[in-house]
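By written order: A, B and C. Residues from 1 in each chain.
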Amino acid sequence: MTAPLLSVDRLVRTYRMRAGMFGRPREVCAVDGVTLKIDRGETLGLVGESGSGKSTTGRLVLGLENPDAGSVAFNGRRLPAMDTTEWRASRARMQMIFQDPLGALDRRLPIAAQVREPLDIHAVGDEALRTARVEELMRSVRLSDDVGQRYPHELSGGQRQRAVLARALATKPDFLVCDEPVSALDVSIQAQVVNLLIDLQAELDLTMLFISHDLRVVRQISQRVAVMYLGRVVELGSADDLFVSPQHPYTRALVSASPTPGARRGERIVLSGDPPNPAAKPAGCAFHPRCPSAFARCRTEAPALVEVAPDRSVACHLTGPESHATVALGAVA
Amino acid sequence: MARYFAIRIGRAMITIALVVTFAFVVLRLSGDPALIIMGPEAPPEVIAAFRKAWGLDDPLWMQYFDYFGAIAKGELGRSMRDGRPAIALVLERIPATLALTIPALLLKLAIGIPGGIFAALHRGSLIDRAVMIGAVAGFTVPSFVLGLVLVLIFAVQLGWLPSGGQETWRHAILPIVTLGIGGAAVLARFTRSAMLEVLGQPYIRTASAKGVSWRAVVLAHALPNAAIPTVTIIGFMVGTLIAGAVVVESVFSWPGVGRLLVVAVANRDLAVVQCILLLVAATMVTSNLIVDFLYGFLDPRLRNREAAGAH
Amino acid sequence: MADLSLQRSSVAKRAISWPRIPPAVAVAILWVVAMLAVAILAETIAPYSVTKMDLRNRLSAPGDAAHWLGTDELGRDVLSRLIFSIRISLLIAFGATAISAIVGTLLGFFAAHFRGLAEQAVLMLADFQASMPFLILALAVLAFFGSSLPLLIGLMGFYGWERYARIARGLAISATGQGYASAVRQLGAVPSRIYLRHILPNIASTLIISMTLVFPEVILLESGLSFLGLGVQPPMTSLGNMVGYGREYIGSAPWIMLTPAAVITLTTLAVSLIGDWLRDKLDPTLA
């Protein structure tokens, strides 16, 4: 069994926020002990609502932020520190695409120049090779040639995202993090871009971390999925399995809210309580105030992520090794 | 609220400290202070005694602290010209300067603010264009040119008013008008754009759509909100009560602080220059603080920042 | 909404469409160009040197064939002195504006890049600069150092840097925060590439507008200092200088004072008009 391309071990990232110049500093724990593995050529989907820490995880995984604890290993080696020469060189191997492609592009430069920029930065080949590569990239993301001469604001949302994708793939990276890349696009365009990503992954043997709150898209593109809640992974498993039979109460609620054609129409689970706020994390299991199946232990002890079946891990006292035989439905003890 | 003021006061202290540092650095950089203050012909023993008295042989950081101490005690040196303490010289000139700058400030307020408001309320009209042209002219014509032109017209050609000196009240008219017009132009322009920005806000349209009379809308909503940024610039003008008339006093040979400064610079009378510099800094900083305090009361957003909670 | 590409071809990069300049601004541009031409061609177009004295023709009125703008109290040709004054005053103004723009922008980038203490230090200096009347600071420096031309340009170069610094810092921070600059950094670019190739071109228009606002103020400042006798020193002549000299003859020979005064006013006005118009066209948020 070959080593995973990306290995993340107990990653922690806390933000210190100060209210004004003399305010009392507050600590917000965005990522609270995340452990993940992604194999070469695989797509791991990362799902969660806002505040779950998924975007921060994506940045940590690429080395765009330094973790406060834990480690990230790429290809077996630790990531270099940010803004060092090594780090900059490593950018050629791993890239990111973002939710807002317009913000990621320089409005004063034509698209072709921007797609070409990574080649200039990493001094790849000569002039002729770079020009040829830009053309090749534009074709691979299905952008017509004349788009290269246009400026970002003259393109549609889908075209911009494809331009950003072309730029990200310029140096033939091994690993791509996609942070909500289709959330800002119209539904029909979403499908186009997602299909493009799937095709490119096959063509280029890309490894991907696909971050989104949209379950349907994640399911379409990922082989495995991790569900995050308030900085922790609460469930991890293969995409098909997880969505068909979710184990964690949170995953169940998410799945029930997002109807999948062909699946049995279960009862819609509506969560009560406040939406997750990383600045005010509940004690014990972070989900317990909203969990329909919570009981006494959930309030005091945070469950660990344990493997409950081959290729399925859940962080819940209900499914853990010492789960209770009976659970009082709907009652919070 | 207390936090807001604490920050402001802290900043004020830092500004004063920076000015003092500035004076210290410039003084030391420009050559041997002993030579400069005593003059190049002074005999070596006098220079040595001076250096000793002023601690000029001490390490630089010690001199720096001594300098602060001396200023705090008000020991700002003596004028080279007549040996009197610099601070006395400066203080006795202040009334003359204020006699110009205070009436000029009133003039600026009396012409500038109504002019700006009127122009904003009647945007695009003839009055608006006149005010704008006047404002631009007031800004682009340098004060000394304006003063001299007024002298040319009123003193030389028409002989109505005297051209310089301080003998009678009539001597003050041209300088005050010169100062006032320039400032009024700036104020008019500023008030106009502050008003225009406020008038363009949605809440003004809402108020007037509710049926409130236009006059009431202006008085109750537009003016108070436009007042807030205007207070800053008025504060700046108040701050320059002492320093703002440097050029005009020279044009009209008016014996105020500004004229004293120019003469002191020409004669390299460093003690006097230093003294005026510090006095101006103190005035500016104080008036900025007062403006900040007023802001704290006037702008409800600042008043309620604590209540709204920090995030 | 289907994935249509926009049909309109690139218009964004065309900054100014020429036919739409208002007449006042057009005149202003012509004036500025004329002043620049005068400054550059001073030697060729000035009929006399600035020090050449024609003692038989002292204080002669304008309109004379030999001296179009008359002569001053030493018989020196006012027109020639005016031409060279324009050169000196413009030289100082351009030099100072360039220096303060470069220094200010660099400090702004410095503050934006390093944040923390460096940023606080720059902001504090900027506050200090903004809160003290520059004339007083300038006079203090002149008192201590004297008035040579390089010193004068250097001193004026401190005027207004804080405006560029604030703009550069603000725009750089917002660019690096969520935008294109952070994306390029993420591609592996070195900071100098990010600032020079991406951030600077994007903030250039705002900086240029600030320069057109600062430039006339520098002219006014320098003229004021020269008028007081503390700026440009003889034998060099500047516009403010001439006004200062002409002052004594305000009754007998007002043209000595009025011609340079008019040039100062018109040039300041012209650049201000151009600056206002540029601001309206390119960046209305600066009002």
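Convention: a contact is a pair of C-beta atoms (placed from the backbone, for glycine too) under 8 Å apart; a residue touches a chain by one contact, two chains touch by 3 or more.
Not measured: the values here are computed from a predicted model.
Central chain (C-alpha centroid nearest the global protein C-alpha centroid): C.
Each of A-C and B-C has its own count of C-beta contacts, and the greater count is at B-C. Chain centres here are Cα means. That of subunit A falls 57 Å from that of subunit B. Between the Cα centres of subunit A and subunit C there is a gap of 51 Å.
Subunit B and subunit C have CA centres that are 23 Å apart.
The set of subunit B residues that touch two or more partner chains is empty.
Shown for subunit C are the residues that touch two or more other chains, of which there are none.
Looking at subunit A, one finds that none of its residues touch two or more other chains. The touching residues of subunit C, when paired with subunit A in their complex, are 1-6, 8, 10, 12-13, 178-180, 183-184, 186-190, 193, 198, 201-202. Partner subunit B is touched in their complex by these residues of subunit C: 124-125, 127-128, 131-133, 135-137, 139-145, 216, 220, 223-224, 227-230, 240, 243, 247, 250-251, 254, 257-258, 261, 264-265, 268-269, 272-273, 287. On the subunit A side of its complex with subunit C, the touching residues are 62, 64, 87-92, 95-96, 98, 100, 103-108, 117-118, 121-122, 144, 147, 149-151, 153-156, 158-159, 164, 167, 186, 188-189, 192. The part of subunit B that touches subunit C in the complex is made up of residues 11, 14-15, 18-19, 22-23, 26-27, 29-30, 36, 136-137, 139-145, 148-149, 151-152, 156, 163, 193, 197, 240, 243-244, 246-247, 250-251, 261-262, 264-266, 268-270, 273-274, 276-277, 280-281, 284-285, 288.
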